[in-house]
Amino acid sequence: MTSVFIDELDASTYAAYAARPGSTLIIPTGATEQHGPHMPLGVDAMLSKDIAAAVAQKLGALVAPGFSYGYKSQPRSGGGNHRTGTTSLGATALMALTEDVVSSFMTQGFENIVVLNGHFENYQFLYEGIDNATAKMRSAGSRARAVLLSYWDFVDDDTLARVFPEGFLGWDIEHGGVLETSLMLLLRPHLVDMSRVENHPPATLTAYDIFPEDPARTPDSGCLSSATGATADRGQLLLDAITGSIAHALRGELAEPSVLT
Amino acid sequence: MTSVFIDELDASTYAAYAARPGSTLIIPTGATEQHGPHMPLGVDAMLSKDIAAAVAQKLGALVAPGFSYGYKSQPRSGGGNHRTGTTSLGATALMALTEDVVSSFMTQGFENIVVLNGHFENYQFLYEGIDNATAKMRSAGSRARAVLLSYWDFVDDDTLARVFPEGFLGWDIEHGGVLETSLMLLLRPHLVDMSRVENHPPATLTAYDIFPEDPARTPDSGCLSSATGATADRGQLLLDAITGSIAHALRGELAEPSVLT
Amino acid sequence: MTSVFIDELDASTYAAYAARPGSTLIIPTGATEQHGPHMPLGVDAMLSKDIAAAVAQKLGALVAPGFSYGYKSQPRSGGGNHRTGTTSLGATALMALTEDVVSSFMTQGFENIVVLNGHFENYQFLYEGIDNATAKMRSAGSRARAVLLSYWDFVDDDTLARVFPEGFLGWDIEHGGVLETSLMLLLRPHLVDMSRVENHPPATLTAYDIFPEDPARTPDSGCLSSATGATADRGQLLLDAITGSIAHALRGELAEPSVLT
Amino acid sequence: MTSVFIDELDASTYAAYAARPGSTLIIPTGATEQHGPHMPLGVDAMLSKDIAAAVAQKLGALVAPGFSYGYKSQPRSGGGNHRTGTTSLGATALMALTEDVVSSFMTQGFENIVVLNGHFENYQFLYEGIDNATAKMRSAGSRARAVLLSYWDFVDDDTLARVFPEGFLGWDIEHGGVLETSLMLLLRPHLVDMSRVENHPPATLTAYDIFPEDPARTPDSGCLSSATGATADRGQLLLDAITGSIAHALRGELAEPSVLT
Amino acid sequence: MTSVFIDELDASTYAAYAARPGSTLIIPTGATEQHGPHMPLGVDAMLSKDIAAAVAQKLGALVAPGFSYGYKSQPRSGGGNHRTGTTSLGATALMALTEDVVSSFMTQGFENIVVLNGHFENYQFLYEGIDNATAKMRSAGSRARAVLLSYWDFVDDDTLARVFPEGFLGWDIEHGGVLETSLMLLLRPHLVDMSRVENHPPATLTAYDIFPEDPARTPDSGCLSSATGATADRGQLLLDAITGSIAHALRGELAEPSVLT
Amino acid sequence: MTSVFIDELDASTYAAYAARPGSTLIIPTGATEQHGPHMPLGVDAMLSKDIAAAVAQKLGALVAPGFSYGYKSQPRSGGGNHRTGTTSLGATALMALTEDVVSSFMTQGFENIVVLNGHFENYQFLYEGIDNATAKMRSAGSRARAVLLSYWDFVDDDTLARVFPEGFLGWDIEHGGVLETSLMLLLRPHLVDMSRVENHPPATLTAYDIFPEDPARTPDSGCLSSATGATADRGQLLLDAITGSIAHALRGELAEPSVLT
């Protein structure tokens, strides 16, 4: 039995890998969040899982079960937590989940833990969870290390120019837009219905947040920009750039990730 | 786009279902835990997900993304938390995760939430999370209800007699044994390697727990009994009994679950 | 001054005992919970205290002040948390109480801590508290150990057959039934009024929990089965079996418990 | 069955009382703490329980199971948390315990909850727990009220002059001294051994606390002053003053406490 | 007595303002964090306070005592939490502080609460605290609203071009750089020593975070870019742009902020 | 750049001081709380800061940014938490804030941390925070120590007699009274308006607390006694006594506090 996903591995195979020098585990983190009328609720969880698997294959690393629920969707990056379909964790739950899972994997012998984030709002709470786990494990004598990243931070300017020929307007409005839709068209095409994409202008975002949320500020579609230009080809450009760049970075950070054979 | 799994549904389809009278959502909860040399780490998460889907199809209900990580494996039901492959949450994380997710789904309009548990150790912490969520939602005016169950509690005596013709020794030793292996042989056969099943006597369990755990008391295989007698046919007997019985119970409790059309 | 109860011991006598090899302390945990019209609210706290004292005397161990309040009464084991008289802790309070008390006793030198539970619903939260305390103390260099048990798990089949000649129907319906009432008739007879025992059939329990609780599913008496057959003689059979069996198990686990002289 | 202690009452009797206008419940709070060589560890729990019972009898109120464990003993009021025999809770546990217990009793119908404190260090954490419980219950529509007091605050100057004819030096040094010992000689004489009282001068307390504690600043006896002058007669003076004064105050605050008949 | 700072106002004046329609309170949030050899530890707290005061004067609003301590400094925005002088809160403390303070001000009658952030790492934890406070207050019937912003998000492109004539390289490297130093030269010139500014190239930041932090990746100066180009004139450009733009945005959001007269 | 306040020091100067043997840091803790019609909301924060600075100058120590928000004002010491202007933290927030800040400073090298309290209600929560921080740091190998004090505990009887020639009635009624007003007249005279002092008798305080608070028991002024006798001269007497006595005590406790040069 072999797989890049640890939930499909038996304990012996898994234990043998975890005990090797350079053993590396990638934890994908997403959300359950509306992504417009043309894409399913699981986009963030699916993309982080698929990208994690692609990176793991490049490195010879393994992939842990992902986080299916994420921090509250915020209006300026995900359309807001008031939209039906968006199912969220508070900060305390997400931090505790992260700290426990990262500590547990470090205890089992992994030398490198990579948390690969696919939901913008998660980042700081993942940071706190990993930081606390690492501090606890260090004080218990572990030498394990961790890396935290969001996959879109690995898209280079050249790729951006090819995917957004009319100009890139910023990651904040990409919720349900060309980036995510192109990747989904490539990776999970049966879950995308391009006929339902609405062609509306990008959302005008304020430079601040208001409480309680004002539903009127999120476009009806739930997307912060239109996915009209999304194609599987653009998805391939993005996926190649992202996985190549993440793998390159991790090779540099982690020296020699071990390979599961 | 239609699916029993909400992460594969678009937000509009999902919202329309959640708003209906009798809307019902099943949340499967499992664990990442060693299950012997012949089965993968994801057994509890996979079985709870598959059973949830089968029940949902009978009822016309939906299935939420499951909990991939569960409470600490205990020696008397899961072999113990010290085994490599077993990756666990503390009580605080699991309770917070449960409370937030259940509250969030209730807020979105579901009238019935069913938490379908596949990892013995989770039960009381799921209970606390659901109880707190329900109390909070009731005080906010919601009329939503919730049900908590573990799937093995729905195996009737007749089925038990057919699956364990030599006599049933108790659920506590079924970790990695005939029950789980038969279901996996039916539902995820490519992830089971019967040639690696060890034929050892059932573990002798104490009537108490000790701290810290004593690894010597768990059989080397990590299973509390041998899966030698497991077959896909027995898995089918179990699955039919379990899903039939759960669906019957839920129909009684929830009156008319709405059907996604 | 000598007593098996530490709250009746002066600090010098106590400290001398705690410092000995094999020093053993039993912490009884109960609840404040309705137990039908014929028994007082303190049944679980009283029985766990009395059994702890009897075991301590056999072993030469000491008994700590018990936990008078327990986790929320659940309908399938205690009639439910909605009944007047039932006064409960949430999980967080019970786990924190357990962790702090166990840590504190370990810090003072006890080598063996036994938590003797008398309220079904407490078990998993006691487990978490003890597990966290043990982990913390181990990382601080302590070699102390702990044992967690519920007293009814030590009733052997032979005793069961003598106490329930018409057949034993399961521990779940024993709330306010023959087991507890017989023990109370033996140990605290002035607090039992057998003339108020109602002769109703055992409660029909579901295989699942519902939220919020449905008061109609608990018998009016608050008992899950009738205590009609309870006698002090049966209480003596039970007490002998329970204390003998617990003492035997602890002697095996704890090697040589020290004796307070 | 009748008793001032609710753990000795059956649920029906209890429920009938709780439902009456003016129903009043007293919760005694103590500690498990060294009290010198002449007194047992349970002094604070015993005295708060006995005083609560005496007050309850004057008022016709009931007494709940007390808190046997209290906040960390502080050097300037209890000799310090480093002394063997002193078994303490952190703030979080004590606050959660208080909030849950007070909320639970208010939910059951009590109109007046009195927390009667017998361990100096508990006060502010009890305050927080009661304040949070009251706020929560008020927002749920309850009109229940609560009172928090420490029993020594009800000793009047005249009594003080009679109990301490050589002059009263302040409550802070009374740990294990004349006040507590006199009350114990009256209420639990078999647990006091006056032959072991050490005649040492009162401890010289600093005006500040240091961390970590310095064991050298606590007298070897563990008492902050000598109990040499303690007698049961003085205990009677104190008890009369305390219970009379508390009952008087509660009658004024709570209007007409209901009487259990 | 009049002041824009509430800690300098008497309770009567304050209460009269809070009770008015449109009453608005600004809470500045900063950090205690190293800012290179040329600036003091209090830069984030000072700048958020001064900017809040300037905005409050434009609006007629008040300013609350600021948060002097912030979330852990992160290497990619503040040089990292390992640097001496950087004194940080964990997420739990910062979220609790925010929730309590915002709730408390809303309870006192303020209709508008503005949290004006001056430390990048704080944002998501402030968000969670404000979101929880707002939800709690809404369920208690309050109509108060809140706004969260970071002041640098209000610098327009034109100002940016004038302050960074050689090109703006991104906010992430502005820790201890031209932005903060220019503002300090304008607002607290006696606390800046330009002779100690080091002329080093901007830090090369990774696209990810590593745990534990690697001190070697932060420039020796502790600044992520050099403040060589900082001047009070540029500070004035920035201050005018920031305060004008924030005041404009708040006027739009909050309708008519009340004026303290 | 030199200052007794660390927020005005650059990181290099600060780090050099923290690394010295005997390095000492004082953290002032106050509140935002109504102090009658004649004084501002910041009295507790201002006085603790000013006294900390005066003590630091005597010792050669440094002063950290203070805590501007404190625990809930209690009716018997601060007039109560219901008064407008009183802005408070719950226990959890204050304890977490204290633990994190004290830990953080100890990690940076300070050998002595002094928490100088200016708000009565804070004390026990500061105690818990410091105790937890110290325990954590000790287990991590630190030898740092901490001191906790409230400044009014350092006023000697002689000074008391001179400041209160008509007799001192107890610290509990000094909220907004002669002590605080005299110190403010000395230290921040522009923030005191003696013409608004009301001449009312001292509040009659109960020996217990009630929940919820009864606003009618606090004098309309918000002060628990009248500040009529307050003068700057009396403030000087108090300040000299307090700072002299604290400095003397700290010199004794901390051996040789290092001096910032």
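Of note:
The first chain written gets the first letter, and so on, giving A, B, C, D, E and F; residue counts start at 1 in each chain.
In this section, contacts are C-beta pairs under 8 Å (C-beta built on N, C-alpha and C of every residue); 3 or more make two chains touch, one makes a residue touch a chain.
Please read these numbers as outputs of a predicted model, since none were measured by experiment.
Path length between chain D and chain E in the touching-chain graph (shortest route): 2.
If you match contact pairs by residue number, over half of those in A-B turn up again in just one of C-D, A-E or D-F, and that pair is C-D. Once the centre of each chain is set as its mean CA position, chain A and chain F turn out to be 47 Å apart.
Between the Cα centres of chain B and chain C there is a gap of 29 Å.
In chain F, the positions touching at least two other chains are 90, 92.
Arrangement of the chains shown, judged by which pairs touch: one closed cycle in which each chain has exactly two touching partners.
Following neighbour contacts from chain C out to chain D and onward until the ring closes gives C, D, F, E, A, B.
The touching residues of chain B, when paired with chain C in their complex, are 71-72, 74, 90-92, 95, 121, 123-125, 127-128, 130-132, 134-135, 138, 145-149, 153-154, 206-212, 245, 249, 253. Touching chain D in their complex are the following residues of chain C: 1, 3, 5-12, 14-15, 18-19, 32, 34-42, 45-46, 64-66, 68-69, 83-90, 92-93, 96-97, 99-101, 104-105, 108-109, 191, 193, 196, 222.
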